[in-house]
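Below you'll find the structures, each written out as structure tokens.
Next come two complexes built around chain A: one with chain B, the other with chain C.
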Partner chain A sequence: MSAIAHQQPIVPERSTLTSRVSDFLWKHPHVLLAILLAPPLLWLGIIYLGSLIALLLQSFFSIDDYSGLINYEFTLATYRQLLNEANFDIIVRTVLMAAIVTLVSAVIAFPIAYYAARYARGKWKVFFYLGVMLPLWSSYLVKIYAWKLILAKEGILTWFLTKLNLLWVLDTWLSLPVIGGNSLSVSYTGTFIVFVYVWMPFMILPIQAALERVPANLIEASSDLGGTPQQTFRHVLFPLALPGIVAGSIFTFSLTLGDYIIPQIIGSSRLFIGQAVYAQQGTAGNIPLAAAFTVVPIVIMGFYLWMARRMGAFDAL
Partner chain B sequence: MKQILKSCTALTLSLAFTTQVLAQEALKELGKGEGELSIVAWPGYIERGETDKSYDWVTAFEKESGCKVNVKTAATSDEMVALMNEGDFDLVTASGDASLRLVAGKRVQPINTDLIPSWKTIDEHLQDAPWHTVKGVHYGTPYVWGPNVLMYNTEAFKDKPPASWNVVFEEMTLPDGKSNKGRIQAYDGPIHIADAANYLMAHKPDLGIKSPYELNEDQYKAALDLLRVQRTLAGRYWHDAMIQIDDFKNEGVVASGSWPFQVNLLKAENKPIASVVPEEGATGWSDTTMLHVDSAHPNCAYMWMEHSLSPKVQGDVSAWFGANPSVGAACKGNELLTDEGCATNGYNDFDKIKFWRTPVSKCESQSECVPYHRWVSDYIGVIGGR
Partner chain C sequence: MTAAVLFENVSRHFGAVRAVDAVNLAIAEGEFFAMLGPSGSGKTTCLRLMAGFEQPTSGHIEIFGETAEGVPPYRRSVNTVFQDYALFPHLSILENVAYGLMVKGIGKQERLKAAEDALAMVKLPGYGARRPGQLSGGQRQRVALARALVNKPKVLLLDEPLGALDLKLREQMQEELKSLQKTLGITFVFVTHDQGEALSMADRIAVFNDGRIQQLGTPEEVYKQPKTRFVADFVGSSNVLPPEFVKHLGAANQYASLRPEAITLGGSGDGRLTLDGTVLSRSFLGAANRVLVSVNGTKINVMSPAAASIPAEGEPVRLCFDRADLHLMDAAS
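The block that comes next holds the complex of A and B.
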């Protein structure tokens, strides 16, 4: 017994530094794990969460009305300012826009994704993927400026509608309150169209992924049992595709919530949250208010993600 | 956490103070160039011939001084202040609504005029202008100045320049028979409140406005009311000079407060555009080249300030931007500006222009005025339709 215990190891202990380190790590796997995990955790903790916390802290400070300097004392006054009429308008405007953009994107994206997932084969499938992805390859700014020219009062769309003698449709639309305006490019409608266009791929792709996972025989079974196409859609297809739609909506909703370039170039100059952050931080030097504005989308998205998780959206990512 | 934050703040403050002690003294003598220079400027202020070959006042300077010039353009004064607060820049071409804020915030350093031989050639009314001189100390060299003109479409106005700013403040039928609703624009910066105040100065004398930058509560409220009317007329507010140009071309905009820069570019494209300073007078900008307190390249910066005052550069900038030189000698014999250029750009209207200033609570003309940060938040409200 003791003879075995005192036997020499088969391989003699090695003496170079690298081999000793290697042996040590082999004997203590937890240390190895810690070393491997430390850089990404530090990155997440310090650079990502740290900056977020620094920002959150700023929102509890206030700005001195007289000197414009930041007053480093805990206060909720800055959050109270968010409820000012003008500031609250900005929040409501942005959330409404994000919600409508998300809804309409889903309605447009579903048939496209359905076709791509079910019917497109071979070359067509490639074509579809390219068609959806292609807009993502060109610069976001180029696309927005192109849309400005399309939607301008003397732009392509107006020209086209004039040729078709349909200008009255556009004029009637533009004469509507709130969503109308002098031309599409200075109205909420224009901002909305460009938002829907720019974020569309982010909606199509998750829905397509979800639809591809719906077994075809379920749909056949539904019709075998006498379900009309509407019933099949409502009770079989839609519930199974819902996680994909919710996943897509996370993208379109959060991207619209934070964007500050589209409403600056196309729209009526009324601010969205992103622009308000930019204006308060860059223009007015009011970092606490800018930070408080930033917290708004974080809170909204927090709730949104919580609800999305309950609907199983993360299974489709 | 709070403790850490506090000590960090204290550390930054103490650092800021020590650098200030070092930097508050103006430079005593010039050394060799540091090989680099970064400038925050209005678009069109620092040209190296990239837009038009004949407009280039950077290449020669780089060759002569060995300082490579980097330009960061800013669209509003507030952006300039924000950029200078971030640091890492040497010079800024600050307008009057930014310059005093920069001085008060200790972001710029006093300059030693003895190191700038051309200082003596600057027009006298600009040498001690209150937007760059504080308690007798100069915080920069005047660059160029100009009025905020009323740009209009000659076809909509039937070649008769609008006599008053009312075309952008009140709903009316323009000479082409159509309403101005949706066909005007206004500047997307809180300083535009001063344009409304300037209009009220002429049309509502009982308000007793003495300066458009010094408004008490009543005067301020009247100006905001006027701007609320303007909101119903303006489709979009202009922020970026190039987008405004596009809007005059494609969006059917026919009148707006603007800079001669946009007017000249549109005219160069043979668009039916002209500009006027209406009877109420106009607000205007007079820009100062200021040196950052922590500038890493002060020698290059001083060389640029000297270079920027040469009649050739002054004339070229003025021709390009539609501005007026700060050095009278530039008005004669400049090829690009021509001998009539100064008169066209309003060189003789100096006294009619109310130059941009930062509104402060402790104002000169009355006991208390509405300060700038309220201009900022209220203007956001007005644009938002409140």
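The block that comes next holds the complex of A and C.
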């Protein structure tokens, strides 16, 4: 006889507690699902959604201008305040910035993601992931201050362009209205550059994931059927990568909409939504207006997703 | 007459791997040409060289007399039915079929009409609105066929077109492909590892191994007169007899092939060659029995009609065959 006995046709139940629990969960898979899902759902439902609803409620209250106390009566007055010229400017500025940052991020990220998905193998793939992820591991503040040093008037960029005798290019750019300024570090251009830099990984990775799922033979099929590289990009590659681009743009767009640190450190002194929220709920103590400001990105993102869906961005999913 | 596809000394190397090694072939216009071989034999790389997905490391390729090396796939009047169909998942079936016409700038009405007709030709009329994911494997394969044929290619390439289908569907598609090719008169080049498929469908077969063509000929030639041991073994799993054995039978000191179905069990000589052996095993295949016989240690496969009586395992048996069925092969390979 060998040490391993012949198996019985049905192995009897073991009486230990763990095996009984295993048997029970095997017979009732929904119970297992419930156990696994309950903690995150409670977290999401109560802590996250709850606070969001509380925030939404706050935005329908108003503040008494004299006493500074919150008036707990339902009103749309706070939302009307959002449409004040000053406040509305903040919204337009932020949305425009977020849109341009998203667009440019997508344009820069696509070729990088395409290379990583199609051509990078082995060592190069590791190098790609390190290159994309490494900036995420260091502190966000450190990166922004590093950019401040690069973009400042006495900074590296100015020095470098002087050496190349190209300082006039920068000066011409800075002399432009709106996007220009005293130096890059106090202009919208500077804010834009840093936004694009900081959110880039969030755009590259989803596009890369989407492109990796596009089978190589679809590209070959398009080419085989007479599609030039441009046509293949337009009719096959781009539509199939679109869910990834949309996913990436949700990150870059919403992160830009909500950020209040980058424009504070690098940029003109004009406010973005995040800074407005910060100022209203902190120093000004106007929680209802802060809440109303916070609702703006939520509404915009909801509208954006709805549009993306209508345009068929998720058809390939 | 100019060949539809001409390969002159074509090689395609991937680093040290010679995927295709000095291949010469000329496929005639209107021919149904099969490239047969095991996986990694270079047949698919040859197909990809014709489509333009690969460029030759050396050698010369012509398509209808025009130089093809350096020409991108989208400028070749060659269309491919891909092994896993490669249908565009984000487009409807009709848009898939019309894709080739769309990128060529054919108007919407005209191309959708042509696509409808192509779908009708592959017996999928009215399926245009669906998505590839909603079709079965066999239907997807037909769509892939329609998508290629709607472009009226000069050469149609088929990469293991029936590989993913079940037996019944495969047999049906074999016949449909054959009749489609006859009606359209388009040159078909198809890659397969299934020798039965190659034999039944092709006008001519190129048998590939290790990046080289082992034999090029009609199905009959390849089946009955295999040039090399590889061809004999791969096409129809013939018995390959070693030189000493063949010499013993009174022929030259060479490898020879002997078809399993050319051998009968039992009976007397009558001018035929006979061998005495022992039955090792037998298996019932439906229309026939396959019997493995050991003759002095050499194993010989016999295909015997199902009706014939077969000795039990371990019993002695006599094998008879005509001398003419003993086919001598090149000493090489």
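The working rule: the second predicted complex is superposed on the first by the 265 of 317 C-alpha atoms of A that agree within 3 Å, B and C clash if a C-alpha of one lies under 4 Å from a C-alpha of the other, contacts with A are read in each partner's own complex, and residues count from 1 in each chain.
Here is the rule we go by: a contact is a pair of C-beta atoms (placed from the backbone, for glycine too) under 8 Å apart; a residue touches a chain by one contact, two chains touch by 3 or more.
Source: prediction; values computed, not measured.
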item: Fit or clash between chain C and chain B when superposed on chain A; value: fit
item: Which of chain B and chain C A:207 touches, first, second, both or neither; value: neither
item: Partner chain in contact with A:273 - chain B first, chain C second, else both or neither; value: neither
item: Partner chain(s) touched by A:296 [first = chain B, second = chain C, both, neither]; value: neither
item: Residue contacts on chain A - larger count, chain B or chain C; value: B
item: Which of chain B and chain C A:101 touches, first, second, both or neither; value: neither
item: Which superposed partner A:182 touches (first chain B, second chain C, both, neither); value: first
item: Contacts of A:264 with chain B and chain C, given as first, second, both or neither; value: first
item: First, second, both or neither for A:152, with chain B first and chain C second; value: first
item: Distance in angstrom between the closest Cα atoms of chain C and chain B, superposition on A; value: 45
item: Chain C-touching residues of chain A, taken from the complex the two chains share; value: 215, 217-218, 220-228, 231, 235-236, 239-240, 315-316
item: In the complex, chain A residues that touch chain B; value: 57, 63, 65-66, 68, 72, 84-86, 89-90, 93, 148-149, 152-155, 181-183, 185-186, 264-265, 267-271, 276, 279, 281-286
item: Interfacial residue positions of chain B with respect to chain A in the complex; value: 1, 5-6, 9, 76, 78-79, 81-82, 85, 181-183, 188, 190, 234-237, 239, 243, 246, 249-252, 361, 371-373, 376-378, 380-381, 383-386
item: Of all residues in chain C, those that touch chain A in their complex; value: 51-53, 72-74, 78-80, 82, 84, 86-90, 99-100, 102-104, 147-148, 151
